[in-house]
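Both of the next two complexes hold subunit A, though its partner changes from subunit B to subunit C.
Let's look at the complex of A and B:
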């Protein structure tokens, strides 16, 4: 059953009860909220995503051995206004994980993007079964193209462009590298575009579906791009390492796609990694393997379509 | 006593005391257990236990994922603690004072059972009070800086507390708490830090840890004299593991209660033994139980503490603490303040805190 199969009132009811369990790649997020904006936003962005069954905790039922892992959530999330009078005066919203409020209150108007930011934060903080690199990941022909980058480098813009040109989205935010076999695990979520890049990507074509633009966030204007159904459906298909491209958007600069030495690529990836030090030697081996098995490049670009043309032809070049 | 517990807490206690029973758990119970264990910082402990029993591969995949992730974090935490202790002892070498490691740092460096799967948020050390100024100066020279506190809090720490205001390393962002004794100086119970230091055992590199009975007594004092018991189940598990570990030696049991009386920590020890045994089934010799009753409170106090403690240590689920748990923690918080300072100081402190909340600094 997918989110789309719920009627609007069922969706609202499940979210109000906290019976809504969304499967996103390897993760299950249980969400509870009474905020209409979040209900709408989840229905809009996550229509194609599967729902996990939810049975309330019945302590008095006899124990039965488990059959599969359905029924276990990774993240228990709640978005709710803080108690008290702020409900009426410039309303706010809090983000709870495991029943605990995790951030300072946000203006209630930002509740839908807060869900996305909060979930990113949960993955970064908890999913240490993976080596996590702050990176976009797309796939072509079974091989992953990683775009690790600091904010402002145009990572999301390139990702949206690549998805538009037929790459499959694995993630806009987290490259999840499985230490056991070095494969990259998809966790497809809406792509967050900021400021000028919103209009740039909107111009690419009507098949790219955007949610509303949120103004004046800490990151400026933010709008999310809905994930194509194909990427959601293939969430369980992992990818082998292919290319690691470090993008840099340079206004007025020249266009360059150049190889990067493996050692330099490794250091750059360490710098972009979220939990490299947490994983210790496991993290080192996983990252070294990724670098070994990938073609490592740097990309300076100004013109999006020129950059996309070049990246699009990477799969045809020998590894 | 267990009548005060709800079923989900029972689940966590079962997990801790009879981990093999977890093989029969249904997924939705795992869901509840994982969330609650994480909230009370016991998921790593539980995972380490399951791993040691070789049961991890027989659990649902999602449970294993979350447990392995947590074990990764606790392993890193232990590395961090070891490195930080190394840095601290290097920074304090010139001062030449005996450094006693406390709590998590002591468990990790001495490789005591509570260290496995444990998360420490900071490193706690104890030094003689007369060397505090030198120690603080040496740490600041080495890159630690005071966590931002207003002048009232700074003064409060330095006048009344058992530790300096926390110091945080500029680059590593790790926090060290420098103690000169184990309970606030303003409090009702004032164990003599010199007695603790004299009994301490050498470790390596001029580092020491408290003697076995003192390790237990410090943990008990911290839990039952100095806090609201939110997350107290983890501390109770530490105590349970220490008692089981040191309890293998009969001499430990013989010396425990007399030492508690000597340090005026018999009441916290009484509670520690009572709730370890009641909730976690810690084996405690009958003679020790009887001896600990020298500090037994009167029946109404005892039953109030039973009710409050059992509720306060309830691990929160994803719906947050229940109203009863919230109340129990609030009352225990009030109690800990009552024990921590005399009424005149408490009044002054609360008025000051209320003012600060009503008129926050701009």
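Let's look at the complex of A and C:
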């Protein structure tokens, strides 16, 4: 059963009871919220995603039921207003994982993107069965194209453009590298676009479906792009390493796609890795294998169309 | 005398003339070019004094055993020490 198979009232009911168990790639997120904006947002962005069965846990006497103790999920999440008068005056929202509030309160109007940011945070903090690189990943012909980058480099803009040109989305945020075999595991979720790039990508075509734009976030204006159904359906299809491209958006700069020395690429990947220090030698070997098996390039760009044209033809180049 | 302590088990990869070394003892990863990599490899297998390293590099890299080489090796040892890749060894 997928999320879209639920009626609006069933979706709301499951979320209010905390019985909503969403499968996203290798993860199951169990979500509880009574906030109508989050209910709508989950229905809108995650309609094609499968639901996992909910099996309530019956505690043995004399233990009281624990609110999140309802079966195995990777992440037990709750979005709720803080207690007290803030419920009514400039309402706020808190993000809970495993029953604990993890961030300062956000304005309640930002609850839908807070779900995405919070889930990013959970994956980064917890999914240490993978080496996680802060990188977008798309795939074509079974090979992954990684775009590792720090914020502001235009990674998500390129990713959205590549998806529009037929690449499959594996992730906009996390390259999950399986240490056992070096393959990249998909975790496709809405692509977060910011500020000017929202309009740039919206102009590409009506087949790209956006949620609402949230203004005045810490990152400026933010809007999410819905994942194509094909990427969700193929969430279990891992990809072999293919290309590692370090993008940099340079306003007024010239376009340049050129090889990067593999040793330099390795150091750049170490810098972009989220849990490299947690994994130790396992992380080092996984990254070294990624570098061994990938063509490593840097991309300076200003013109999105020109950059996409060149990246689109990468699969035709010999590795 | 200097050496890489035996229980550190450095991990190495070489691409072109550059080496990327992981030190499990510190969790740090280092990018080294040919000469530091050569010296570090040597100190992995055997403790050496600066004079011994000078002689080794002089013969292997075809460099005269002069003051310039001596100063280069001293600076290199100091840097490898600061990076936590080597430690003093008992002579």
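Methods note: the second predicted complex is superposed on the first by the 306 of 319 C-alpha atoms of A that agree within 3 Å, B and C clash if a C-alpha of one lies under 4 Å from a C-alpha of the other, contacts with A are read in each partner's own complex, and residues count from 1 in each chain.
Everything that follows uses one rule, which is that contacts are C-beta pairs under 8 Å (C-beta built on N, C-alpha and C of every residue); 3 or more make two chains touch, one makes a residue touch a chain.
Not measured: the values here are computed from a predicted model.
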item	value
Touching partner for A:124 - first (subunit B), second (subunit C), both, neither	neither
Which of subunit B and subunit C A:288 touches, first, second, both or neither	second
Residue contacts with subunit A in the superposition, subunit B compared against subunit C	B
Contacts of A:213 with subunit B and subunit C, given as first, second, both or neither	neither
First (subunit B), second (subunit C), both or neither touched by A:264	second
Touching partner for A:280 - first (subunit B), second (subunit C), both, neither	both
Residues of subunit A at both interfaces, subunit B in one complex, subunit C in the other	277, 280
List of subunit C residues in touch with subunit A within their complex	11, 13-16, 18-20, 22, 24, 27, 29, 31
Touching residues on subunit A, where the partner in the complex is subunit B	18, 26, 28, 30, 55-61, 63-66, 68-74, 76, 78, 96, 98-100, 126-129, 277-280, 282
Subunit B residues within the subunit A interface of the complex	7-8, 10-11, 23-32, 34-35, 38-39, 60-63, 65-66, 68-70, 72-73, 75-76, 79, 316-321
For the subunit A and subunit C complex, residues of the former touching the latter	261-264, 266-267, 270, 276-277, 280-281, 284-285, 288, 291-292
